[in-house]
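Below are two complexes that have chain A in common, paired first with chain B and then with chain C.
Showing the complex of A and B:
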């Protein structure tokens, strides 16, 4: 938006670059660039940078968001983060959730993609069936799983009853964490579709040549397909790790109580780090402390992204092209 | 002979595996629909029955009136369309800058754009909500307009990849004809990129349609979307969920999203493979 203003207040006519002297022309070019990119920059400042700064400022205070009586407490909130057992435990739970969903999700998605990556009757149908759950909105997926795992009328207890068992409270501890993991893995078709698209880039001649040379399918898969797919697998792992660090909406939605009180009713098994943050904000009004938690998460995500990229650069094959050099202005 | 038998057995195993997977993945939605067709008394019998005695189709009509379904659907529609149109146009607009224009600082902004794709969006959402609350923008659709106008980093990136594939000759000719970049964008680039435009519209529309957390923070019970209303509305006087109507409502909530994706499916798979995600 600021760029629009700048462009209109200067004397430069909106007409294209007619003959002007070097500096004026590049000034015009710069203005045009910022005319186009400006809205994103403005949005970044207003909707990302400012909120982050606001949260950081809050994290140095003991504000509850409402009362005018607050004071600076320095880094006290950050010290508290590491003394709060709820924080440590919720972080541990988040880590386990990550380990339970990310590797399995990526591997299962890849396996399904390999399964579908051949010509057979009904390929489109099966691809659609596997993919559909991934497009079901999270809210609807959670409601569906709540209905399936309902104690009185759910399919899960119908199965339990069929083998003579007593109804189980699936949505309470200790089972609810498994329901949540199943629900997340139900959407593995999203990962499948990305891997399936990437499989199209594996050159057929390469696989055929390997076959002629007597390579087994497994050998070809691990020595040819997998290395070519490594950037896309890497991409999925990174987004998966970052996504699972932030998991909390499914926990709220699977909680036995709905509405604003849901956060206070989340069973311990699904009480992840972000659930804790959310509870500190909206159930306890500890805005200062919650903001510190948020910043710790932010720093943690940055750190993990950094580490993963460092590791990834060594084990990922980019077909001889350095992806960071792709950008040609 | 032996070979042929082995091959047939392999294909059989292959289809059995596919069928098992298909049942696993469509099972939950199947159960949702079965539940939607059950009578209230069938929801509390033990042992639990799989199929309704006779399908209660009127549950779908009841679900429309138990909560103001159509009213909330309208809110969702307005919000999602607003988000989709604004995000798509603005992302394309900004991507044009990154793809075709140069200026000091471009590398920096592009690097920043890429790193915001990795940004934990949830981290900024709560402080953003608090900020909007202080600005008095809670319970309005203004936040979505602002989000839409500033584009989505991932979409900007995809559009940029797409634009980079458009031959330069086209716009060079246009520049010679005295065409400015704004016109080049509207008259050459946008018409050429309809597959990306459609993909972006569909993705952002369905994303906004299904979004739960932003409307639940920012909107009130009247202005909120269907996604939020579903989780709160279908309860009886005792506060227990009315399962069959909830299931019917959820089915109708999912339906538009599924239809959109079935309709665009082929093109989606292609879209991803050509748009530089690799």
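Showing the complex of A and C:
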């Protein structure tokens, strides 16, 4: 028995073996990790990093994408970005559009979600109806809005006329920007459905306890519901900001010219930064300059997103940790 | 640091994917449609041809029949200059491309992107040199002059786009005399007619008198300037001058037109995007469209009874009647299947499809032998053909610059016109704004192709 024991002690695996086994599990985990993230990394490299790098390289040239005689121009295109009034104006316009649509869209979505989270008859029907516009294809939505806001035969001017107003040329400057904002907000059901899902996760016992303690519904909403929803709201703000800075297709769809040539006829009010980039790329064939514009936009989006995150850190409530306490600890 | 032509291929290889990178970063998704290779070899050894063409010219049933006839597979992608640019730049050029010969030929040839087709034409049984309508010369370019040199494409049909259609019933209800079928009206008379035909209720317009958008703003101004006896382009096509008396006459007229709001313009947008819907529904009395518009009119029996074609208006110079488009097809030099692409081209331009197009009345056939197939079944068709035939004596091709795309110039015009129309800009101040902007584009383009 002793011999057996001794033998078994002698046979026992030395300590490094244990370590090797440990490394083996870790290596397996590492392999599994890379197996899972590998497709994403490949996609990221091929579809994001490579295009970004290529766009950067093009931004240092005056290429039109087709002609053989392009030249390196260094950072000339980047200097031009800050001298081009159309660029500056379209960037400013895009910023204003972002400020007009993101807070309004998130707030409207939340308000609708709160309303539709209550118990009442026909709630499911209303939820479906409110969400429906969000699934209507953008082209169909744009056509509908063009018909509604047609100067001569549209419902909008019929309403204006009914209250004694003169018909408005909604699809031309300076009104077309309002039509576009309305069209974007028409799809607020997307935001609503996210907020509605988040509302389901608000613990009822917290709200009931607050009620027992005499808290008003408004107080409960602002002190309990809203903090719990804050990560979801923050998510919507971040994605909304990024999306609105890249707004492009709706402007083309509302333009008075159909098809790819629409970019040449987008009214000034809807001439956003990405529309400008597209026009520089494909109407004016300024591939080099347009690539520089994209890099500037990339930097701008990073900057704005960074600011939003900085602000969000102070007001987003993550899993029971008060953000102010977290900062102080 | 400009490069020489000698290493162009290397650089072009380097540039491949440039459009892909740009468009991907842009998020336009345009390239997704470019992904399928234009090369042969797909589907059981058959050559696959990629064509950039609209569905109404290559409908699925029609494609199927051609596939059987030519023993090829055909993949159709929608016509889109953005997509075409991306495909050409990324080395996945289509095999056959629809284009506007009048304004695109020199642009693509100057960049060495189009395949010369003279050898193919020389061997063709269907497309004989002496049967080609002179309009096909817009698809020729010798590096300096459009209309000379090798053929790079051919019109599928054409119209003298400076002519206009009118609805006689709307003239009658407005008490306006019908325009002559043989003598052109002046642009000023035309605008006056437009004003008389426009029906307004306060600021709401129920009938627009005249739509002068043509096939695009810039090309319309080129036509008006030519009609006044001048030229918007310099002789070497490397600059424009909106300050010349003829160009000023054209700009002044356009500002008057747009300010009078008798038709569509950047400040009076057409929600339908083109003239047919308002014309079809009796909301437009005159449309600046050529013979091809009759193809749409013929399908509306009532409208066909009252629609008439009129000669191109004149600005006072030598009488001319321009073709702005000469829409047709060309084969990119980078096509991997040029022989098969030519077979399709030849069949489409000279075979049964060409006969069917001629009989449809959607344009004058580009082969002289097909003229007898043009439709004369309705009053409108008969009248239109007679006016068109008389107008042929004044046919003129307007040369376009190889240094810039027409979309680029239209974009500049749209940048300045709304404020000019809404404000009190004169044609002179507008010219001062347009000249440097457009000339800068032309100069940049010239640098890239010299």
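Everything that follows uses one rule, which is that the second predicted complex is superposed on the first by the 274 of 329 C-alpha atoms of A that agree within 3 Å, B and C clash if a C-alpha of one lies under 4 Å from a C-alpha of the other, contacts with A are read in each partner's own complex, and residues count from 1 in each chain.
Assume a contact is a pair of C-beta atoms (placed from the backbone, for glycine too) under 8 Å apart; a residue touches a chain by one contact, two chains touch by 3 or more.
Keep in mind that this is a model prediction, so the values were computed, not measured.
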Clash or fit: what happens to chain B and chain C when chain A is overlaid? clash
Determine, under the contact definition given at the top, whether A:258 touches first (chain B), second (chain C), both, or neither. both
Residues of chain A touched, compared between chain B and chain C (which is higher): B
Looking at A:147, would you say it contacts chain B, chain C, both, or neither? Reply first, second, both or neither. both
Is A:291 contacted by the first partner chain B, the second partner chain C, both or neither? both
Touching A:51, do we find chain B (first), chain C (second), both, or neither? both
Give one of first, second, both or neither to describe whether A:65 is in contact with chain B, with chain C, with both, or with none. both
Touch test for A:86: chain B only (first), chain C only (second), both, or neither? second
Who does A:283 touch here: chain B (first), chain C (second), both, or neither? second
For A:205 in the superposed arrangement: first (chain B), second (chain C), both or neither? neither
Partner chain in contact with A:267 - chain B first, chain C second, else both or neither: second
Let me check the overlay on chain A: which residues of chain A are in contact with chain B and also with chain C? 47, 50-52, 54-55, 58, 65, 146-147, 150, 152, 157, 161, 167, 246, 248, 258-259, 274, 277-278, 281, 287, 290-291, 294
Quick one: which bits of chain B touch chain A in the complex? Just the residue numbers, please. 14, 17-18, 21-22, 25-29, 31-32, 35, 38, 42-44, 46-50, 90, 93-94, 96-98, 101-104, 106-107, 109-110, 112-113, 116, 118-124, 126-128, 130-131, 146-147, 149-151, 153, 156, 175, 178-182, 185, 206, 209-213, 227-228, 230-232, 235, 241, 243, 246-247, 250, 253-254, 257-258, 261-262, 265-266, 268-269, 272-273, 277-278
List of chain A residues in touch with chain B within their complex: 14-17, 29-30, 32-37, 39-44, 46-48, 50-52, 54-55, 58, 65, 112, 115, 120, 122, 124, 126-133, 135-148, 150, 152-155, 157-158, 161-162, 167, 186, 189, 193-194, 196-198, 200-201, 231-232, 235, 238-239, 242, 245-246, 248-249, 253, 258-259, 274, 277-278, 281, 287, 290-291, 294, 297-298, 301, 305, 327, 329
Partner chain A, residues of chain C touching it in the complex: 1-3, 5, 8, 11-12, 15, 17-28, 80-82, 85-86, 88-89, 111-113, 202-206, 216, 264, 266-271, 273-274, 283, 404-405, 407-408, 410-411, 414-415, 418, 422, 441, 444-445, 447-450
Under the touch definition given earlier, write down the residues of chain A that touch chain C in their complex. 47, 50-55, 58, 62-73, 86, 146-147, 149-152, 157, 161, 166-167, 169, 171-173, 246, 248, 256-261, 263-268, 274, 277-279, 281-287, 290-291, 294
